[in-house]
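Per-chain residue numbering starts at 1, and chain names A, B and C are given in the order in which the chains are listed.
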């Protein structure tokens, strides 16, 4: 029974330039369960990427204050974070991502599950400088509030300084999805089982995004 | 319009007293203005958003009296504005009126019927100065009940120096089916700098109010700090549409807010085309259960323009819902930003909010930002926010051009279809004018 | 109640948002038989299905009763009704973002069956349903076509092994070949195993494959006609207007 999320302080992983489907599956499934072997804990809040390649930055149950400057072209950056707050816990995910050069791709996905009187603050800014053309940048935030005293504040900001990119952000804060909940109950899951599965679903989306982002064309 | 009286430039306590005296207002209004002036002096300008450092508050004359008796000359109207009127195909009578040329008599004839009909139903539709005089109790009950002078510096300035605007009261159950246009009915001279509008829609009533027009207006004063307060009572419906296309020397810093009671609906439709700098965030305070708030915002920023617009929704009761659709277009180095706040309070159970803001950047020099903030303090609520920033779809562009449209025509079509979710909500005449205007602006940028 | 009656609906009335959705529904379903429930759009067929399943907001009013296998389940929650053996296949099942069908079934079947057992059964049944492995490995219903979603519903039914199956428009959005596959599957896993079937459908296409023992027709919230299979053929020829 999944009752909590392990803690992983912000970590940087440089991925090999190509991964087989099996390797991709294996990497994805370890995200939530154990640290990557080739991972580097991020010691400072400033990260400059100056070598092109494929990067993963992720954190679990560990607040993030990060400024990522992508100072090379043709680079892919995936940022994943998950927070499961209970009691009086406070988590924050503050990220600034700056694109300086063309043809880069990035996805940021931060999710939170909040019980008790936990609080979560989400703030991201994507900046694309004038030379950063042909950029695709996506931000996604999903927050599940499970109790009356939990609170969320989200500020997904975009600052776009040139006219050649596509980016989007979305932020959704909700309680348990009624439709999905009813569906699971109609399939004989008890209310606690259904709730647990819906919480797991949110955490598993990180695996899904990892596979989509680094796998396939 | 001829100015018959004008105060010396600058704002002091003495200036305010003079305004109060000339307008022959009651004592409480003087106290209100002076208090607001003190607040104005203390509050700083916002540090975020467009650069307001160029505004010199000492530069303006804060009060003018104008008469309609001698019309301005058509010769005095700037050429670009005349040309646009032509291209928009406005009927001559309207052209003259919009340019401030038509006499009061001319406009009165046009709209006398409508005014009489409304009076019969008990609708109060007056200039705000008359409203204060003729309905003092009603006025005092609601004035500044939605926006306090302490809200922000420009609201404080307006509260101190306000003059001109509309006062509207719709009695319970009265539903006005046709959209009411401010200019034509009240004959407010051109645009007042510190217009103040107070609208009360009583229980079960309905009003659709349009302020402004898409034709460019030559605005002499370069600061417009308006305040619009709307009260929508239980079960009532209100739609307030603003289409602003002021000349590009104007700072448009308006505070608009509605208090929405039980099961009532408030819609703000906001079209920002003109002005040099716009800072406007129509706001709904959803104070009654089942209250609904909507903001549809369209902004079009071209060279030298910075539109910082958005919406604020406060869910303060259960079962409230809000929806914000924002479409912004920037070209030729224009800068367009969405700035919004959705706040779901602890007692706002079962509230839903959805915000979608899309920005279209037409060239590499232009800029678009989105700054949404969501604060959720109630677990049984649903908040969804989505934003996209994009450029014109090359595939679609090529397709249209392959069907014989020129590049400019194709771009114009894509842009107007981008704006369609908003323009479809505006009365047809305005919408088609708006679309024509957008196309004209785009053509102008190619040249 | 006779042991051969599996479901009894007594005086079911349902009003939602001041609209009358179901009116005085009285119905007995015999164990092991197949029923077709037909009727025009808005006649209340899906609502009746949700009442039987126990969806929130679909509680019958005015003292109506639902009796399943001699037990009054009127006030029983949905998950308990599912555990007793009622299965409702949705018209439009929700799309999940991170839960695979295997995970759902493993949770529902634990501890009776191991996770490995479930995985193997899912594999076998997917093949029988001609479901692509990629579809089964994705989160449930994510980017799945209409036909694929209906097959995934039946896969779940086969593993959960209910005694009463309500299939709401299992034939809608399904191509000719898939319809054959689905019908065969229903026959092999449910009809032959003496399960009770309530097929909600518009078209009589599926009824050609799965001949019902009885046809019920609903109109404006009431059951207005009942007959044998020939009633369905008549409706197919003449439409609902003449009823």
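As a convention for this text, a residue touches a chain if its C-beta (ideal position, glycine included) is under 8 Å from a C-beta of that chain, and two chains touch if they have at least 3 such contacts.
Please read all numbers here as calculations on a predicted model, not as lab measurements.
K.L.:
Ranked by contacting C-beta pairs, which pair of chains comes out on top?
P.N.:
More C-beta pairs are in contact between A-B than between any other chains.
K.L.:
Give the label of the chain whose average Cα location is farthest from that of chain B.
P.N.:
Between chain B and every other chain, the largest centroid distance is to C.
K.L.:
How far is the middle of chain A from the middle of chain C, if each middle is the mean of its Cα atoms, in Å?
P.N.:
So the centre of chain A lies 38 Å away from the centre of chain C.
K.L.:
Please tell me the distance, in whole Å, between the geometric centres of chain B and chain C computed from their C-alpha atoms.
P.N.:
54
K.L.:
Can you name the residues of chain A that touch chain C in the complex?
P.N.:
Touching chain C: residues 177, 179-180, 182-191, 193-194, 196-198, 200-205, 207-208 of chain A.
K.L.:
For chain A, which residues count as touching chain B in their complex?
P.N.:
So the residues of chain A touching chain B come out as 130, 133, 143, 145-148, 150-175.
K.L.:
Mind listing the chain B positions that touch chain A in their complex?
P.N.:
346, 359, 361-391
K.L.:
Per the contact definition, I'd like the list of chain C residues that touch chain A in the complex.
P.N.:
Touch list, chain C to chain A: 53-56, 77-79, 82-83, 88, 90, 93-94, 96-99, 103-104, 107-108, 139, 156, 160.
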